[in-house]
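In what comes next, chain A is part of two complexes: it sits with chain B in the first one and with chain C in the second one.
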Partner chain A sequence: MAQTNPGKDSQASEAKKLISLPTSRVRLIMKSSPDVSSINQDALFLTTKATELFVQHLALTSFNNGSGREANSLDYSDLAKTAEETDTFHFLTDILPKKILARDYLESLEQLQDEDADF
Partner chain B sequence: MDGDSSTTDASQLGITGEYMASGHYVLQPQDDDGEENMNDHEDGGTKENYREQDIYLPIANVARIMKNAVPQTGKIAKDAKECVQECVSEFISFITSEASERCHQEKRKTINGEDILFAMSTLGFDMYVDPLKLYLQKFREAMKGEKGIAGVAVGESLGEDLTEDSFTNQLPTGIITDGQQQNVMVYTTSYQQFTTIPTVQQIQFS
Partner chain C sequence: MAERPEDLNLPNAVITRIIKEALPDGVNVSKEARRAISQAASVFVLYATSCANNFAMKAKRKTLNAGDVLAAMEEMEFERFLEPLREALEVYKKDQKGRKEVSEQKRKDKEKKTDSENDKSREEEEEEEEQQRMEEEPEEEPEEEEEEVVEN
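On to the complex of A and B.
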């Protein structure tokens, strides 16, 4: 990740060693929000760093939430549960719906239809 | 911001409201091909072509941070990694929208650091603010000073520190060190052990 170019580049690469996520990609995501014109360097750094903290925070909270059921592992349902139960992560509930297998859904659907169907 | 790539709309699923009562449901294919969401859009200009949800951070980076956050013997499911990858994009957009709004209210065009910190605070992430301020300080020093400034070793990427240091039975910490490897500031991901930020000690992960 580090480059040894002299001058401003070396300062930039020193600074970028503080984070482990690609700032260019973070900027891309930020700019996809409506009405965002420009983002200064501090803001980009802070967002990138905050994202790291967020990943750690979410992963650890979800892991602890789920360790009662499936010891020592983190899976999707732990994340979905955390999003529902933790205020901070509540904004994720739309993108973390609880999943069911298509098979189970179809079974349930059939049961509902059977109740109405005329054979 | 609706995830209509996975159908959660009850009317589209054709099922009754009773079935959906306990929450949202999405159909999960039997064989989960996990690589679908690995978009790699490098061009920055055509934002009309991509919804913001389609742009993700590289899963390798995200997975590494997750791995370092949980106890070392813990396992992380593949769908959890992908899921967090999506959550991350959501988080970034969440913060950015809020910061952008404040910016507009104050008739400014450029989102600055204060806007981001304010957005975090407003949206329930105020526990991040103090560590972030310290990191920002280090960042500014690195950008301002000349290479090899005395007493400040921004040194290894923190991502690498977290994997190489021996945190076998500890929660991983972010450490900013000076040249003599003395800890200047330590934070832990448990958020229970902030040594410099008393207010955060109230936050507990159970």
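On to the complex of A and C.
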């Protein structure tokens, strides 16, 4: 997998790119939040930058904590595990649920039904 | 609220790049993981915005400012972001100042030519520059938004 492009890199280091994500897209997401009227330029920049830092942090933490580390890979399950086990990523548990086999889910459903039947 | 859900997603290619730069070389990142991280990033923006907005409202301001965002990071327990954010903001502000000075100089030069003619073009320029300032650096490669990076 080619990761470095010498031509591009020298251009980038000259411009000293602060952010890669498009601020216009970030602004769109921010505006979809209720009660937000306007966003100052610095705030938009910071939010964009923070999002990039967040992506790095989530990826690296999940990789370090996950079982994919032995296989030198990062998979969905690593992310779901991190969301559940790391406090700062708790807000992600709804969108990164742990996956279980349908078979196991049905089993636990049956167990619940049995418990209800006792009443 | 946006009508099309994909509008609230961040460009895949950029997210992928950021992930790769954060991880050691050669780590294989599944497509599912990439998509999940991208969605998590969008949720992060919403959460941060909501949090920052609370600070603004407390201060009876309608405009979200830099301080609100930094306060939100602390509230969300992402203190580790604070220093890199402050440093980046400093560089960003200097850069903005530099660009403003350049465009103001350009405007002054133009004014020397014709005054009435330039009233309209100045407005258009301001709008353009506003756009440029916001989007010049991050949107160097606008086409990448449609690219799906295929892994070996």
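Keep this in mind: the second predicted complex is superposed on the first by the 79 of 119 C-alpha atoms of A that agree within 3 Å, B and C clash if a C-alpha of one lies under 4 Å from a C-alpha of the other, contacts with A are read in each partner's own complex, and residues count from 1 in each chain.
Keep this in mind: a contact is a pair of C-beta atoms (placed from the backbone, for glycine too) under 8 Å apart; a residue touches a chain by one contact, two chains touch by 3 or more.
Keep in mind the model is a prediction, meaning the values are calculated, not measured.
Novice: Will chain C clash with chain B on chain A after the two structures are superposed, or do they fit?
Specialist: clash
Novice: Report for A:Pro97: first if it touches chain B alone, second if chain C alone, otherwise both or neither.
Specialist: Only chain B; A:Pro97 stays clear of chain C.
Novice: Of the partners chain B and chain C, which touch A:Thr23 in the superposed model: first, second, both, neither?
Specialist: A:Thr23: touches chain C, not chain B.
Novice: For A:Leu46, using the defined touch cut-off, is the partner it touches chain B, chain C, both, or neither? Pick first, second, both or neither.
Specialist: A:Leu46 contacts both chain B and chain C.
Novice: Under the stated touch criterion, which partner chain does A:Leu109 make contact with: chain B (first), chain C (second), both, or neither?
Specialist: Touch partner of A:Leu109: chain B, not chain C.
Novice: Which partner does A:Glu84 reach: the first (chain B), the second (chain C), both, or neither?
Specialist: first
Novice: Considering only the contact definition stated at the top, list the common interface residues of chain A for chain B and chain C.
Specialist: The answer is residues 1, 15-22, 25-30, 32-33, 35-43, 45-47, 49-60, 62-63, 72-76, 78-79, 87-88, 91-92, 95-96 of chain A.
Novice: Quick one: in the complex, what on chain A touches chain B?
Specialist: 1, 10-12, 14-22, 25-43, 45-47, 49-64, 72-76, 78-79, 84, 87-88, 91-103, 105, 108-109, 112
Novice: Along chain C, where are the residues that touch chain A in the complex?
Specialist: 1-2, 7-8, 10-11, 14-15, 17-23, 25-30, 32-33, 36-37, 39-50, 52-53, 57, 62-66, 68-70, 73, 76-78, 80-81, 84-85, 88-89, 91-93, 95-96, 133-135, 137-140, 142, 145, 151-152
Novice: Across the complex, what residues on chain A touch chain C?
Specialist: Residues 1, 3, 15-30, 32-33, 35-60, 62-63, 71-76, 78-79, 87-88, 91-92, 95-96.
Novice: Taking the complex as given, what residues does chain B use to touch chain A?
Specialist: My answer: residues 1-3, 6, 8, 13-16, 19, 23-30, 41, 44, 47, 50-53, 55-58, 61-62, 64-66, 68-71, 73-77, 79-80, 83-84, 86-97, 99-100, 104, 109-113, 115-117, 120, 123-125, 128, 131-132, 135-136, 138-140, 142-147, 154-160, 171-172, 189-191, 205-206.
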